[in-house]
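Some notes on the structure that comes next.
Chain nomenclature is as follows: A, B, C and D, assigned in order of appearance, with residue numbering initiated at 1 for each chain independently.
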Amino acid sequence: MDHAANGQPTDGPAVDEAQEADEGSPVSRALEGIREEVAALSDGRVADYIPELAHADPDTFGIAAVSAHGRSYCVGDAEHAFTLQSISKPFVYAVAVEELGLDAVHGHVGAEPSGEPFNAISLDERGRPENPMINAGAIVTTSLVRGTEGRFEHIRSVLSDFAGRRLSVDEDVYRSEAETGHRNRALGYLSLAGGVLVGPVEEAVQDYFRQCALSVTVRDLAVMAATLSVGGVNPVTGRRVVSQRTARHALSVMASCGMYDRAGEWGLRVGIPAKSGVSGGILAAAPGAFGLGVFSPPLDEAGNSVRGVAALERLSDDYDLHMLRTPAEPPSPMHSVTRAGGTLDVRLRGEIDFLAAEQVVSRLAEAIDDARVTSVSVALERVSGLSDAARSLLAAELTELADAGVDATVSDPRGVRRA
Amino acid sequence: MDHAANGQPTDGPAVDEAQEADEGSPVSRALEGIREEVAALSDGRVADYIPELAHADPDTFGIAAVSAHGRSYCVGDAEHAFTLQSISKPFVYAVAVEELGLDAVHGHVGAEPSGEPFNAISLDERGRPENPMINAGAIVTTSLVRGTEGRFEHIRSVLSDFAGRRLSVDEDVYRSEAETGHRNRALGYLSLAGGVLVGPVEEAVQDYFRQCALSVTVRDLAVMAATLSVGGVNPVTGRRVVSQRTARHALSVMASCGMYDRAGEWGLRVGIPAKSGVSGGILAAAPGAFGLGVFSPPLDEAGNSVRGVAALERLSDDYDLHMLRTPAEPPSPMHSVTRAGGTLDVRLRGEIDFLAAEQVVSRLAEAIDDARVTSVSVALERVSGLSDAARSLLAAELTELADAGVDATVSDPRGVRRA
Amino acid sequence: MDHAANGQPTDGPAVDEAQEADEGSPVSRALEGIREEVAALSDGRVADYIPELAHADPDTFGIAAVSAHGRSYCVGDAEHAFTLQSISKPFVYAVAVEELGLDAVHGHVGAEPSGEPFNAISLDERGRPENPMINAGAIVTTSLVRGTEGRFEHIRSVLSDFAGRRLSVDEDVYRSEAETGHRNRALGYLSLAGGVLVGPVEEAVQDYFRQCALSVTVRDLAVMAATLSVGGVNPVTGRRVVSQRTARHALSVMASCGMYDRAGEWGLRVGIPAKSGVSGGILAAAPGAFGLGVFSPPLDEAGNSVRGVAALERLSDDYDLHMLRTPAEPPSPMHSVTRAGGTLDVRLRGEIDFLAAEQVVSRLAEAIDDARVTSVSVALERVSGLSDAARSLLAAELTELADAGVDATVSDPRGVRRA
Amino acid sequence: MDHAANGQPTDGPAVDEAQEADEGSPVSRALEGIREEVAALSDGRVADYIPELAHADPDTFGIAAVSAHGRSYCVGDAEHAFTLQSISKPFVYAVAVEELGLDAVHGHVGAEPSGEPFNAISLDERGRPENPMINAGAIVTTSLVRGTEGRFEHIRSVLSDFAGRRLSVDEDVYRSEAETGHRNRALGYLSLAGGVLVGPVEEAVQDYFRQCALSVTVRDLAVMAATLSVGGVNPVTGRRVVSQRTARHALSVMASCGMYDRAGEWGLRVGIPAKSGVSGGILAAAPGAFGLGVFSPPLDEAGNSVRGVAALERLSDDYDLHMLRTPAEPPSPMHSVTRAGGTLDVRLRGEIDFLAAEQVVSRLAEAIDDARVTSVSVALERVSGLSDAARSLLAAELTELADAGVDATVSDPRGVRRA
């Protein structure tokens, strides 16, 4: 499947089909194995600081995975609805960055892990909340969003595109939070006093409560995550939601600030950009690979779902998803290298980034010293993308070859798009 | 090149050859372009808190890059020697993790970014320094190392393996630090009082001062970084230095705690696990791609080299090195899929991880519904690695096919090794 | 003068008379000497965080002192009106303690110096603002006051009694603060979330802004301070405003938390319970001695009036006002001790506290061993007060004398009241 | 009794006599009543962080009081020996201030309550420990002392003078502390790095451990406290130990920083400058009144003796010792005022400070308006002290009278000394 926003029909199945399609797959069975093992954990406590959340059934437990190609796998209580809570934060951050640009957003909110709880009240030396993943920073981020259809409708609309279906607000949870969320009001006034929150505090706080109360399933989480994983295009619907760069920024902020004050431990043990919420959900997005969603209400002391953390640690190991894993060998960009007579025929494939180009250039340079080679042919038919830096590097090497008297040609019948 | 620890000679060139090989390469010219642009920056201040460091020439500026395949590119003051300082920390951490295991090390030192300066004096709720990248945590980490040849000799030996040449101590800097490093002694006694430092404080502190005073060039930094980038094998010498997992742990700690209190900003703008030192060096390791080293003494307020940060931001963009970049399309694990008569012939290639296996399995599953297909042949000749999870998934699908009456065979003439 | 709340007219002169009385006194001339010397200081900056305060003339400078006997001395810009700001805090604290009792008030607000700025946002481990002298604690304290005539009218009424004249709100300053005081709203919501603020935040904050905007002169400050100094009775009007114990509590909180984060330095150099405000006023109350008021807008880094601090340091030295000064010799409680024949005649005087009683008892005990003494006569005519503990101790000694066969009588024609 | 250092024999009894003298006194019986009541408290935990302290018997409980006139009263386990620990701090601070002066000492250590535990590791913005009552500040203070006979001998000598007997070191406690006190070594190195500790860290720390290990009884504590209470002269031995001003400084620091992080609560409930130690002792010095010592090992969470705090709260109430209590009426400085013919005869008494002089001046001023008065006679026979400011004020008023044609004479046969 090609999930680029090229307007072509994709082979990504519609949502319902996709779900049925994976029943009985060995992928689902592997996922079910993890779920059963982790279900045995009985630690943790259901959050009660928003009264409405205290009613959650501690035994509910579901896991979902959506691949970069849009295939989805769900096990356990996959259809159980719960509220996004803090999981909304990276997505509203993406909305703001998409609308205002990275620098404008970070004029109002920092980007550093705070080493403090999610509801911490410290501002940095510039008067900004430490980062957009703590409550103060999230409220400020929400206040930045404009949108033409009204702020919250815009937020709901984009988050729905991330999920591939229209999301709605759980009114009971929203009201419960609106009535008791005085600390969040305090954070709002503090940010207003610091000159970083935009507009009336109560409006920003209300929209923040609403985004936290959006109702989702673990499958929604996995699709939302997968949309970040593949660079901003929903791999199920094929629709571009945010730019590739915005998606990377959201992943970066999740990587450094997404798991409250456990960023370092998470990086060592799991290594997937993630965001958890007090309702018991965790969303994790492995770049270029899988989007994941887990839901289980009992939380550990840091406020992360106990079973969610355990499941993602297992998933990271079993699914090879750590963002810093080092491949035994980087994939070769050369589909084939053959010499026929005086012609060296090099066929490239896949994504050609700088590292790949460096490999190609290094190989081509040998031709200069090889008396048998008088011409070089580089074929791009199998190349799916070519970065600017790679393109420049290849061009420079071809000039080099020409200067050395080696005839060089490039065949690019499809016109390779930029990566 | 195969840089696995198989004891075979590799095609990685010897150090000297490698260095000569890259002269005049378009890769070096691209690097030189970045160096010239960044050299114009004149902000920052040379560190003076270790008296000997204050003598550094603020105009010295060099950059080096070593690819995952062991080719190196150096520009500027590439042969200028300076001391490792804090850049020694992730490597001594790797030494300790390799020797004691991850859990044992983290019984003595935390893993969370502290949000505080490098010489901060806070311990976490368990009495441990916050992480191994702040001074207190690094001193504790050094105190954990045993080695048979004496602690510091062991540290020097392993760090020399990372660099691919024997490193020596700059005695002037060492003495300067030993005479004035009372704050580090304080951190040592604090950690001893907290029950996490092992052995006499003065010995640990002396060895820490020595590791900080090891003398290197930017090329050394790039080789050391590249060794982490490719999973623990020095890509120039071909020698395994630490395990793949230990390398990943070192990268993880660098990612979350390596750039002092700028981890988040660094993640957004650069996204390469890195470690800086007050002497003006920065080492950065892009997993599976490049090891990088930069040296320029003037520091910003966070204690990071001004030109080093700028150069790495440029390198991240131009060399496509952000660890969370999302490929436009993940590389396909299928070299070719052809049907001849009733036989579906699937040739796989490269690293087969879970995501790749999921793609293959998904394709094979279609055969069950395709009446024309009566047998399936999967060829692994071109596969460079196969993860356990991928292997299980493929095996399960083959069983599935057999149950559906489709004849399935796998050809693996070379015996694919585990990824 | 007897300033007890006995409803009788006192010999304290009315306000206007008092003021005229001191013109030309050597006390005023001494005060003027201090003022002239201190006026030479030109450091500091006029506060501008409440826009309306930024208009203050930095050269305005006045000092006032009111003795425990109600005589007042004013020099410089004694009639210049300014707003109370934080100086209102100990008085509203006194209002709350008088109304609810000490324990009830401190269920909502702590009593410890915070070591942080006046607008700090930290709450203690019980969710309470650190003390009633920081903004958060003062807003909570205001929220606790009930009063029958409406909260703010009650506060204004009691503070007017402290000053001995009806105080009114500076509406411009009030509005300026109400429009920009978002940080104070944040502190209010934080305290509401912590469960310690009572009632709607906006109402408490508005009343707090009003109390801060009450308009006073340095003479008002001195009278307010003197009222605390003499134990709760306004020494000019003779009216009891709060109980002796409440006055002591207000002085205690001023002593530990009144000078922002300079409590210790203030204690060493000045040693008079005091409270400063950002408008440039400082009020200081030396127990049993003088109430003092100073006004000069330029502030030091801690937010205290530069000339105010200097003037009070001089006043403390010159007027012998340090609360911990040690008398060369404690005043003797014995007006006279004479023996005529077998009778020891002991005439007491002044306040008889436990220390005084101990001296008397110690002297009487000698009579038991003195064969010449057969009877003891203790006269209380000159005694102005007798504490419970002193009374018990004397009674016990008289019993002792009787047991030893010494005849003991006490003459107390006026019926000494309890201290 | 006159305890000034005038070389005259005083009526203060020698130590042993004093102790016997008070047996059976009603003062002792009152003290015993408090002891019995408080002994019922069974909360708290014996400190164990210095191993040797953990052996203390939790039931040991003694109280001692020494009056400003040198009479002492002891109840309970008054002869039980324990170590000073932190109670040594204000006395070594007094030694340093006496030797170097206030400003020099505070160039090395701050004066502000830290709001942190006694073993906190923060330094203030100038690199100084927050105050001399936390461990870091106390170690720095010790490092400042020089003395001619060797530092520790000098400290021991002066502290012995405070106690009125030669104090010796409990070697077991000293060794226990020296072996385990690594955190204190850390504080020492930190202060050395900050540029405020003088000389080798280990020497300062050893002397600090020794001063903490000086062995005392509650009676010693009470005598030491009384010496501060009366301005630096030991009221039992009659010997001046430190200047009146140094004594006031020590009391000031105790008032603001003596009770760990309970300074504010202590000020409200007790109001006597005090210092507690982890061994279970508390020393309290009520200016001009009593020195108090209590010992009972079980500590509350703040590290203060549970029974010690309760006893001192009772003592403050029963003995009228709160430093901010306001006398119902300040003692009149006029022994008598009589008019005989045209002469106004004014006989003063006691300490004449500025407030007293203001009263006298105010009374004399009436003479100017009283046509019947043609001459004024002021008698100082009964005056025990006259402050400089009071002297100036009286002189100015006498000039005023002379200018108004009233003949004024002062009789001062003894030559009143300065207060």
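The rule is short, and it goes like this: a residue touches a chain if its C-beta (ideal position, glycine included) is under 8 Å from a C-beta of that chain, and two chains touch if they have at least 3 such contacts.
Given the structure is predicted, the values throughout are model-derived calculations rather than measurements.
Asker: Chains touching chain A and chain C alike, please list them.
Answerer: none
Asker: Please indicate which chain is farthest from chain D, where distance is taken between mean Cα coordinates of the chains.
Answerer: Chain A.
Asker: Using mean CA coordinates as chain centres, what's the chain B-chain D distance in Å?
Answerer: 62
Asker: Counting only Cα atoms for the centres, state how far chain A is from chain D in Å.
Answerer: The computed centroid separation for chain A versus chain D comes out at 65 Å.
Asker: How many angstrom lie between the centres of chain C and chain D, each centre taken as the mean Cα position?
Answerer: Whole-Å distance between the two chain centres: 23.
Asker: Which chain C residues touch at least two other chains?
Answerer: In chain C, nothing touches at least two other chains.
Asker: Strictly by the criterion at the top, what is the full list of touching chain pairs?
Answerer: All touching pairs, sorted by chain label, are A-B, A-C, B-D, C-D.
Asker: Which residues of chain A touch chain B in the complex?
Answerer: For this pair, the touching residues of chain A are 2-4, 25-27, 29-30, 67-69, 71, 102, 106, 110-116, 130-131, 228-232, 244, 247-249, 251-253, 255-257, 261-265, 267-268, 271, 273, 287-290, 318-332, 335, 349-351, 353-355, 358-359, 361-362, 365, 384-385, 387, 389-390, 392-393, 396-397, 400, 417, 419.
Asker: For the complex, which residues does chain B have touching chain D?
Answerer: Within the complex, chain B touches chain D at residues 121-122, 182-183, 185-190, 192-193, 201.
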